[in-house]
Each structure stands twice: as structure tokens, then as C-alpha cells.
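When the chains are written out, they are named A, B, C and D in that same order, and each has its own residue count from 1.
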Amino acid sequence: MILILNVNAISVKNTLKPKLPKPIIIVNFKNYLEATGQKAVELAQKAEKANKETGVCIAVAPQFSDIVRVAESVEIPVFAQHIDPVMPGAFTGHVLAESVKDAGAYGTLINHSERQLKLADIDATIRRANGKDLISCVCTSNPQLSAAVAYLNPDIISIEPPELIGTGIAVSKAQPETVTNTIKLVRKVNDEAIILCGAGISHGEDVSVALKLGTQGVLVASGIVKAKDPYIILRDFADSTRK
Amino acid sequence: MILILNVNAISVKNTLKPKLPKPIIIVNFKNYLEATGQKAVELAQKAEKANKETGVCIAVAPQFSDIVRVAESVEIPVFAQHIDPVMPGAFTGHVLAESVKDAGAYGTLINHSERQLKLADIDATIRRANGKDLISCVCTSNPQLSAAVAYLNPDIISIEPPELIGTGIAVSKAQPETVTNTIKLVRKVNDEAIILCGAGISHGEDVSVALKLGTQGVLVASGIVKAKDPYIILRDFADSTRK
Amino acid sequence: MILILNVNAISVKNTLKPKLPKPIIIVNFKNYLEATGQKAVELAQKAEKANKETGVCIAVAPQFSDIVRVAESVEIPVFAQHIDPVMPGAFTGHVLAESVKDAGAYGTLINHSERQLKLADIDATIRRANGKDLISCVCTSNPQLSAAVAYLNPDIISIEPPELIGTGIAVSKAQPETVTNTIKLVRKVNDEAIILCGAGISHGEDVSVALKLGTQGVLVASGIVKAKDPYIILRDFADSTRK
Amino acid sequence: MILILNVNAISVKNTLKPKLPKPIIIVNFKNYLEATGQKAVELAQKAEKANKETGVCIAVAPQFSDIVRVAESVEIPVFAQHIDPVMPGAFTGHVLAESVKDAGAYGTLINHSERQLKLADIDATIRRANGKDLISCVCTSNPQLSAAVAYLNPDIISIEPPELIGTGIAVSKAQPETVTNTIKLVRKVNDEAIILCGAGISHGEDVSVALKLGTQGVLVASGIVKAKDPYIILRDFADSTRK
């Protein structure tokens, strides 16, 4: 937790991109009402509580309009859910790297399966994130695509088979070979990127299995956001990173 | 200005969609750095100053991440630049009506020429705005499209020939017949929608001509955002609505 | 059928857009294997047989690569399933009006629910079709959108509620008010456009009900393409236009 | 040229994907009127003439509607300009692998800079091409993206910096390091893919330089299609592959 504090401090003051702590749990708030507006702030505070109690890095990815309020309320890293590969200018309705950075974002998801980008735009978006010292987390749907993306040097690659997203059937347990193949292929060309897995992660055991397979964390959404008591699950996830 | 206050009060408290004052000047901040973050707040404050001094309704459309800060800082109406036609749920990276409403938005631009939508999505997005009592301002590029959109019952229709956007050549002076044809065609099927024009509006005279042609206001961007002294231009625009 | 012959003759020789006979049945081949390549030709020949026997206009909409072979094999009107709003030039992988016209197309579907377009692109695509004397058939999903499109002056408007497409539950029987509202709204602004309905049309009775509701024909796909004996259904549809 | 004949024979009869001869010149007809309809056939015949005289493999990529006529008229390989990552079914207006294969295509361009795809769709489209024994030629805009694509195992990778397309300034001469870096990065992960370069190729020397840099051919469009005498340029290009 001290670590995270320092990370944020560096991020804001020096605008140098900080090194991410591992393991990391990123909670994607999607467009869920349970994580919109004041509820986004409250969910982020629960994540921060679990972070402070365990020291495990938990990041949150609220909607664009909620970034400011969440970033002002917690010290854990805040991610945008998407940015566009545009420079400042006449791009009405687009999401500018400068804007989410200024709002307090520490990084951004890119190419989530619900917000996919053209190949050249993934490259351009990673560059835009780099240019504003935003941590880039690119989502992919299979090992080959993960390796392809590894060549574009994002900070984080998250493998998420779309068919498992929102199902409660964890990728780490249902498709362990998808995870291990991703790690194997990515590591051939990229030693540094953090590798996460996501889709269906809903129990602490899903998290510990993911780490045992060789990932450095998980990307999770409904498993937390839709939980009856998100704090309990967050705490369970954080604790499970040590099992 | 009292009017605007009341408008906002109704909007927030009753979640009933308020009647818009006329004329109205909407300032689209696009993704300009001159209107990002703290600068978005400052520009909105200049717009509010011109509004308070003249009583003319001036609305601002900042980037998604800036809506909260702008809406907390001023009493004039705040528009989102875009919302997506999605319901709450698993829509990572999309812009939810509920989210921008909660952040303080009073309305939203829809189908700006830099963020165009499929026809059925314009319809669905207007419905989503209506469902959350957000004023819908649909942008179109020619009179026929304006009439087409008029059938979908948005609150505001703004005609903006894309070839003039950002040129400083005002639609109201360079293509008056585009404006008058829009009004004629729209009024055949829709008595209520406010009709604005935009593209190239940079002088007070462009505004007064627009109103004389029969519009109820203007949608403007670079003419204000890129101005050396935006307040002076805003004040000039507001004053020109009475000429 | 003589009528159709003349129609095609005019279309090809004079490049004047011909008047469409009514009623009209358009068979959309989609990307079904049952209507690809040689099977597209054979299905079109069955449609032509039913046309010759009954005099009822039956048009077919094969895939782009099949237009030439189908148009060379039959005298009934051939539609493209889509064209892009581009002019001749550097538009790799797009579908040019000139190209499908040259291949023998008589018209084109536009904005099918499986290939939706931005609003401004629907307008531009209708203009491109007009410029090359191609009959434009714009698909819409509800009465308001149909009225909106009516302002853009397509030759044909086809109302197809997406939730019924491919279900075998006919729009004409399950949602008659969708059809009659479409006609009512469209006719307020457009006297000339042919109005079709589609989605779930699978029995002759669905066709006769559609005509009784006030349409001038139907747009059909799986009901014919996936039928055990498409000729029998086509003949039944054609006969039903007189009941 | 005998080689090409055999290649086509294998392609059509066995539906086994043939080995491509090297070097290869692919002529993209785009949506140019100079290469539409009968003119597409004539241009393909000029390419075939240059092929027969020199033995150098020249392939042509006409518009979808022209594939049948071109493939029936020449023995050189014919490419589609794009296919969609869809299976046979309800995909109105899409381009099905089965359809272009049946029309006589030997391969397809994928992700041309004028028809870019989402990352996951590039992968799915290559698989669709493989499934129908179509040669896949994926276009990319920089060396990193080429390496990323190399992981997806297309048959051909063509590097084309978009800023040079249509300029007459050849990539091979203006940006030789773009070409050599592409080769270096691709070969780290993929020994088999043919590597082409494109953009601005307009003189025989541009071709010979491209080969000397280590490519196995070029992808060319306006340099041939817009030439006063395309045959002369085609012949010059073919001859230049031996210099």
C-alpha cells in the first residue's frame, strides 16, 4: 500500500511512468450501475481497503466521467476503460490521453473485447498512453493475439477468452492452457510485459490458480462488481495471491 | 441566468427534462487542450460570466472526464459530447447516459460529424437521453438529414456542414440557404425542436445572422476555444443574439 | 415478366432508372451457402420461373461475387446487398456503385440490419445509387426510422424489425401495427417510395397479409433460401400477392 | 508462367493451398474506374501478357463483382481485396470466403490501410482464408505491426506506409529502413511468410530496390492502374525483378 502511494506520487508529480507492483488485480467497472457515480467511489474505496489490509495492488477502472471522483477518493491506481488514438484537436466525443491523465488516471485498458480496436489503432493508442505516462493494459482473446500484441510493447497484456466473460467460469481453471500458451508465446518476444488473465474470475481460488499458471494477476469485472459484498470477494482475491 | 439556475435545479432535483431557454449558444470543447482539465473549468467559468452578464443561455460541452469538475464549478448547462446507445451492463469503454447524468450533464451532443452514429443508433441514443432526462442535441450535415432526424424527436437539431467546420467561414453567412432549408424542412414535421446552426461561427455577426435566418442559436467550437480571449468572443456572441 | 424484360432493357441500355413493377418480392441471399456460387444462379432461376409463370416481379439479391453470373442467367432484377458511399478511387475492399451496376445489378439494398450505415452515409449511398440509376432499397427497423429515411427519397423502404429476422414469425402477422404505422408515417412525407416489409416471412399468407396492410411487397431471405423446395415457396408467395 | 498455370490448377481442383511463386507482384485494382468491369478484365490480361513473357508471377486484385470475369479470362492468380471474418449465414452485405473462392479467387488482401480490421478480426479472417485454401496477404503500416501480424501466420505480409500510398514516392527508396526493419522483425518469428512492400511503387527501379532490400515482391496499385500504358509498366516491373 505504501508502494501504491509512492507509485501515485511519482505518476502525478514527475509524469514518469512508474513500475507496476506485482501481482496486480484490476477491477473493470464496465458500465454497470453498481459501479457508476457515487457507487464507483464506494467500490473503489472497498478495493482500497482490501489493498491497505493486504498490501496487494488493486486497481480500478471506472467509467470516464467517474475517473475524477474516484481518483480524488482513493490512492490505488485508477485506469480508464479505453482511450482513443487521437491527438488533441477536433475529435468531438473521443477520449483523449491527456484528458484521462489530467483526471487522475494512472493507466488505461485498450482493446477490451467489448471495445475492440483496429490493429494500427492499438499500436497508436499504446504510443499515446506512453506519451502521457499512462500504463497500457491491452486485452486480447487468444495466445496468438497476445503474442502479436507483445510486439507493440504494452505494459500489461490481459488474455480474456470472450466466451467466458461474465460466465463465472474462470479462464484459469477452464482453459489453463490458454493462459500458459499466452505466457509462453509472449515471453518469446517480450520479457517485461505484465501478463494477466481474465474472464469468469469469481473465486479466490481462480486467482491463486492464475498466479500458479504464471500470470502476474487478474482482470476482473462482474465477479466483483456484481458480488453481494464486493469487499469480501476483493479481500479473498487479494489473500489468494499469496496462496 | 436565474433562468439557468432554475433549469439546473429542475434537472437535478426532479429529473424532469426542463424546457431549454432560447436563444442558446453551445460551446463544444472537442478534444482541444485549451479546454481540457482545469482549462475546461476556466473556459466554462468564462461562459458563465458572459451568461450572467447578458442572461443569454450559454452551454458547454467538455470531455467526459471533465464533466464532473465543470458541472461542479458553474451553473450553466453542461453537455456531454456523445453518449452510446447502451443500457447499463457489460459495455467496457462506452459512455452511459446514467453516468454522464450523474456527473452533472444536462444534455448530450449526438452524431457530431466527428462522432457519427448509425441511423438506428441515433434513434436509440435519443431514447436513452430521454429516459434519463438528458437534452438531446443531434448534429446533421444537410437539410434533408435534419428533416430525417426531426422525425426522431430530439430536443435540438444542429445543422453543421462538415466542410465549414473549423474554417472560420460561418455557415450562417456562407450557406444561408442551408440554414433556411433546414428550418423549412424540419418545421414541416416538428414544431418543437430547437434548431441551431454551426460550423465556422467566429464573429458576433455570424450569430446575429444565424438568428435572423430563423435559428434559435448556434453550436460553436474553435471560434471560442481557440480564441485569444474566449470571454470577449463569448460576450460578443451573447450580445449579438439581441441585435 | 415481359414487364421485367423491358425494365432490364431500359436499365442497361438507357441507364435511366426504370419504374419498379408492384407488387415486388425481393429475395435476399445473404451469405447463405445455399445461395452461393452456382447455387445462387439456380435459386435465381427458380425465382425467374415463378416470375414467368405468375407475372409477379421477383428480384434477387446475391453476394457481390455472384452478381455477374446471376445477372447473366436470369432476366429478373438483381440487387446488390450493399454498396459503399464512395466515389471511384482509392477505396480498397469497398463496393462501388459503378462496379455492381456494370456487373448487371438493377438496384441495391442499403442499411440492412446486418450491414447498418451511419445516417449521413445512407444519404450519400442513396445519391450514389441514383447517380448510377440503381434502385435503392433502404431497410429500417421501426416506423420512425422509416419516416426519417423517407425524407432521403429512396426508391424502396423496407421495414424489418430485427428481432423477427430469421424467426419464421412474420412481421405482417406478429406486428401489423409496425407495418401500418410505417406506411402512415412514410406517406406523410413521401408519396412515391415503394414500401415493403420483411422479417419472418415464410408462408404465402404472410405475403397476402403484408399486401392487405398496405405494403407493395416483401423482403424475404431464409424463408426462401433455407426452404426445402424454394420454388414451391416462391410460387406460393407470388400467387399470394393476388389473394 | 507454367508455374502459375499449375498453381491455379492445384488451387481449383484439389482445394489445397498452393505454394506461391516468388517474386510476386500483386496489382490492387482498388475502386478505380480504370480497373472496373471490362477494364478490369483488360488490365488483368495485360498483367497476364507480362507474366507469360517474363515468367514472373503477377497477381491481380479486382473488385468483388469483377472476380468471376477476371478469373475466367486469365490464368494468373486473382485476389479479393477483402473478405469478412464471417461464416456462411445471415450476414447481408458481407464478403464470404466461400463466395470469392467459388468465384475463382486464389487469395485475398486483408487489412489494407483503406479497409482496416480489428486485431481479432485479422486473426479470424486469416483462419477463414486458410479454411478455404485462400492465400492470405495481410497489409500493415509499420515494422512492429508487421511482426505482430507475423504471429498470426498469414501467407504474405505487405508493409505499406500509408503516408506514401498513391504518392509515386516509393517506399523502397524513400523508407528503405522501414522495409529492412520489417524483414528483420518478421523473420525473428516467422520464416515462411512472403514479405512484400508497397506504397508509391511506380518505376521498375522501385521494384528492383525492393527485392534487393530483401522482399519477395511488391504490392502496387495506382502506379499500374493509373499508368498511361499499364502493360509497359507491368513489363518493366517484371523485368526489374531480375536486375
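Quick notes on this one:
Assume contacts are C-beta pairs under 8 Å (C-beta built on N, C-alpha and C of every residue); 3 or more make two chains touch, one makes a residue touch a chain.
Keep in mind the model is a prediction, meaning the values are calculated, not measured.
The set of chains in contact with chain A as well as chain C comprises B, D.
For chain B, the chain with the farthest CA centroid is D.
Residues touching across the chain A-chain D interface largely coincide between the two copies, over half of the numbers being common to both. The distance from the centre of chain A to the centre of chain D, with each centre set as the mean of the Cα atoms, comes to 38 Å.
Centre-to-centre spacing of chain A and chain B amounts to 34 Å, using the average Cα coordinate of each chain. Shown for chain D are the residues that touch two or more other chains, namely 113.
Contacts between chains, counted with the stated touch criterion, involve the pairs A-B, A-D, B-C, C-D. Those residues of chain D lying in contact with chain A across their complex are 111, 113, 116-123, 140-142, 144-145, 147-149, 151-153, 185, 188-189. Per the touch definition, chain C reaches chain D in the complex via residues 28, 30-33, 36-38, 63-69, 80-82, 86, 88-96, 98-100, 102-103, 105, 109, 112-115, 165-166, 221-222.
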